[in-house]
Amino acid sequence: MSDNHNSAGGVPTTGHVWDDDLGDFVNQPPKWWMLGLTASILWVVVYWVLYPSIPFSTSGDFTKGIGLPGTGQWTAIKELEADTADLDAVRGQYEDQLKNLSPEAILADAKLTGYIERSGKVLFADNCAGCHGQNGKGTMQVGVKFKQQEQGYMAPILLDDDWLYGGEIANIHETIVGGRQGMMIAHKDILSAAEIQTLAEAVVKGQPTSTPLFAEKGCTGCHGADGKGMAAMGSANLTDKVWRFDGSLAGVIQTITYGVNSGDPKARIAVMPNFTAAGKLSETEIKKLAVYVYKFGGGKPAVAAVPEVAATSGVAAGSEVAAAPVAAAH
Amino acid sequence: MSDHDKIYSTKFQDKIERNTLLMFVLTAIAVAFGGIVEIVPLFYLPNTAMAGGDGTYNNTQHKDKQGNVIPMSKIVWNPETSTHKTLADWQPGDGVRPYTALETAGRYVFIREGCYACHSQMIRPFRDEKDRYGHYSIAEESMYDHTYQWGSKRTGPDLARLGGKYSDEWHRKHLKYPRDVVPESVMPNFFFLDNAMVDGDKVVKTLTVMTKMPFNPVPKSIYTAEYIAGAKAEVANKTELDALIAYLQGLGNHVKFEEGVNYRD
Amino acid sequence: MEATQATPVKYDMDVVRWFTIAAIVYAVVGTLIGVYVASELAWPFLNFDIPELTFGRLRPLHTNAVIFAFGGCVLMATGYYIVQRTGATKLWSNQLAWFTFIGWNLIIVSAVITLPLGLSQGKEYAELPWWCDIMIAVVWLAYGLNYIMTVAIRKTSHIYVSAWFTMGMIVMITYLHVVNSLAIPVDWATSYSVFSGVQDAMVQWWWGHNAVGFYLTGGFLGIMYYFIPKQSGRPIFSYRLSVLHFWTLTFGYVWLGAHHLQYTALPDWTGSLGAAVSLAMIIPSWGGAMNGMMTLSGAWDKLRTDYILRFLVTAMAFYAMSTFDGPVMAIKTVNALSHYTDWTVGHVHAGALGWMSMISFGALYHMVKKLWNTEMYSERLVNVHFWVALIGAVTYVVAMWVSGIMQGLMWRDYDEYGTLTYTFVESVSAMHPYYVMRAVGGLIFNIGTWIMLFNVVMTIRQASAVRGVNAVPAQA
């Protein structure tokens, strides 16, 4: 083809021809490109001198590189330490105090509490919200997909003032440090279907004591003579109509029949992991979380007991109380 | 013919372009370098968790700020030196151990379902990853991971230190129907794992294969003949969901990390 | 070299025709699966509670379909086509070529069956079960042998530049596939790598990166070096550039694998080494892009009328872009942010959609015309395909770049108290709009492939209407 031997610029081709009309001009690569190529090679060499890149050295390890002028040898861990130092410069003022203070003391300090209300967010969301829901509003189990005994809340709502183990900062802290596994025995072999029916009806009305069975059958042993629950063993308050599990008649029958963590295959499960054992959260982080949860609004002062709010249902109670404290936190 | 052509590169290059074999051989050599330089040293340099013959891990030495060396026996579990002699009584913090029979079955499910497509298992030494996921991962922690599972994409969070973070029950619910516990999740429902039983024979075969690996095999002192023999019983009437949860609960709590120790170099 | 003008040779083009048709079909299928997995991330209900459809199993099907089915058939079609025509010779063995066609498609069928069933080795781009690995090795070696022997028996004095790149790919992929596939089977379905942890990771990314570097890039550069000059009727801009482009890339690319493992549990030197050489790859890569584009100098006007040329040239632009994007992502500080995010996925598809697919579409249209010795059924539809593909690709890539950078920034953001600002799920919800945008962009791109399929089918029917396909003089 004519093209091949006299191109636009009059540059010849190599003279080689393939497939009738394929050829290549003898143009030089552009100057900037040749310079770039040289620069690239130099760059690699320089980089190899500065950074650890050569997998052998007299030390039997690899060559560590001399590092950038002033900064010294580069390692990923040094970089981490430097970045963490910058961070500690900002949060150190708070964190250092938190280390030595008890949760109660922290709560007493407005500045520290303010810090935690802000900084606890990701800590709670990434570690706790999976079970307790964003901002502790609970995660309702969708019944359709789960078998009956899995209905109710994955874990207690944390922003209401209804507590299984007590709402004082110390109780909350204790829960997170050691985890919880409330136990309620299965009654399927102890009680007749009829008795369970009676108890359930009473409980659903929020008046467990309205039936003598409640005391006779030993419910009071755990839920107290008044049925308001015992913080010591995390037994639920059965009079406030705030339901941890399923508050429907069928649901309550389920709970009574098979119990909670009772070992019965159909028992309801209630396991709060032990975050000390898991080893992922530091002591300070656990303290922060205790205060953070307390500050959802449900926390109770160490001394006086706050009057009961007669909440209509778990969900409602959750959302009502949700509004106030969460808004306050931001 | 073209022997009379003018040469516009070099004589040698021109020779290559005329000679198929020569071009083939030279290319084969040119492409070999990079791979050899980057891969081979990882088999004999320290800090690569290559057990090697002498058990010194090619002289790996993790030092604290004072320069005291942390003995490797505190990082990689060794039944001979440890107070806990068998997989059964191994405790978190005893050091990196291979997977139990049930975990092995779970790991198979993890790979089969492509969890690694969305989840990494490699925490990098960054402050934000420390705050979010925990201590950075170290080479030893994946030394028994034949077919490593570090992943390359975080559609979901890193799982390297998941162990103990949730209850089994939570995992059961979450894995079956993630959006029921985490409304924002885009993770598929893996409810079907609850209907499938673990294949005991496969587990036994897998454990055996792991002891036969040419690099970092599981020591016979850990996967003892008895243990492998008992494996089938251990996973008997467990569902694939049970196995997967066992695997997840064992992630990331093997080593007890001390403050201020450099576990990387 | 005048040999070419002498007795016109009859080429073995039937196998090329079949590979061409297969490639076009797989382009439709592969991107369709892509659209589906993209939609699953946007609307998780699409997993439909069917194990075989869950994202975790379909994602590898997508990558295998586009890389090995679509990409592989394009490489083999163009490979056999180019090596014959630039060597002025028939294939060394037509039978062996048919063996590769049947073998390769058997492998693809196995993939379509095994991946949704969850058979996976758990290595990215190497998920297929161990016995598929053996099939791949056999077929690949057959292809390599046939290709190299055909080069050896060429009638031209010099080996054409396309063949340099293709031979480079053949050698490197053989190394990579053999080493990365070393595994011990447990049973027919399952096997585990002989390497573990750190070593396995490095072997995997030595494979992972160079599958990209020599297969998705080297092999397709071979396509570029034939079809751009051919379609534009202009000689390659610079012979010397071709030589430098080839050797720098061949020697350099291999070192890049480690950039996938920066800051991981590997010793610091590995990542640094990969990062250093990655940046040095911009210039060689751009040399290739320039060699392709400058070939048009003095013939730019052709772009107004020649739609096929548009595909080829746009591909070079995307090649230049993704070989800039990549090196930037390899810089330590950038990779710290981009790794694990959608930025990587955006980069991937800039290369996959913009470069590798576009160059393939151009080459396929060109070959269809030549192979069936006819004009396209509709030139306008070729133009429509071009714009649709371009819009789709840009939408996809932009969406992922934005979401990727956003993800990276959200994960590492600290508030004025020095504590993390965003929870992980907040980042998940934040991705939704971009996942939708990506799915839409992908759908647009996929529609383009349907248009191509339709156009090509009509073209072939039109041609065979004149005279039966087999009667078509193979060499036009």
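Going by the order they are written in, the chains are A, B and C; count residues from 1 in each one.
As a working rule, a contact is a pair of C-beta atoms (placed from the backbone, for glycine too) under 8 Å apart; a residue touches a chain by one contact, two chains touch by 3 or more.
Predicted, not measured: the structure shown is a model, and the values here were computed from it.
Viewed as a network of touching protein chains, the structure reduces to a complete graph with every chain in contact with every other. The most central chain, judged by C-alpha centres against the centre of all protein C-alpha atoms, is B.
In terms of C-beta pairs in contact, the better-connected of the chain pairs A-C and B-C is B-C.
Taking each chain's centre as the average of its CA atoms, subunit A and subunit B sit 25 Å apart.
Here the spacing of subunit A and subunit C, counted between their Cα centres, is 40 Å.
Spacing of subunit B relative to subunit C, judged by their CA centroids, is 29 angstrom. In subunit C, the residues touching two or more other chains are 1-2, 157-158, 239-240, 263, 267-268, 270, 273, 277, 414, 419-420, 424-426.
Shared interface positions of subunit A, defined as residues touching 2 or more other chains, are 14-16, 26, 55, 62, 75-76, 87, 122, 126, 129.
In subunit B, 2, 5, 8, 37-38, 45, 124-126, 131-132, 157, 182, 191, 264-265 are the positions where the chain touches two or more neighbouring chains simultaneously. Subunit A makes touch with subunit C in their complex at residues 1, 3-4, 7-9, 13-30, 33, 36-37, 39-41, 43-44, 47-48, 51-55, 62-63, 65, 74-76, 87-88, 90-91, 94, 115, 118-119, 121-123, 125-126, 129, 134.
Interface residues of subunit A, counted against subunit B in their complex, comprise 14-16, 26, 55-56, 60-62, 75-77, 79-80, 83-84, 87, 122, 126-127, 129-131, 139, 141-142, 145-146, 150, 154, 269, 271-274, 277-280. Within the complex formed with subunit A, the residues of subunit B that make contact are 2, 5-6, 8, 37-38, 41, 45-46, 59, 92-93, 124-127, 130-132, 134, 136, 157, 161, 163-170, 173-174, 176-177, 180-182, 191, 253, 256, 262, 264-265.
Residues 1-3, 5, 8-9, 13-14, 17-18, 20-21, 23-24, 27-28, 30-35, 37-39, 42-43, 45, 47-50, 108, 111-118, 120, 122, 124-126, 128, 131-132, 137-139, 141-157, 179, 182, 184-192, 202, 205-206, 209-210, 212-216, 264-265 of subunit B are the ones touching subunit C in the complex.
On the side of subunit C, the complex with subunit A involves touching residues 1-2, 4-5, 85-88, 156-158, 160-161, 226, 229-230, 233-242, 244, 248, 263, 267-270, 272-273, 275-277, 279-284, 286-287, 290, 294, 297-298, 414-426.
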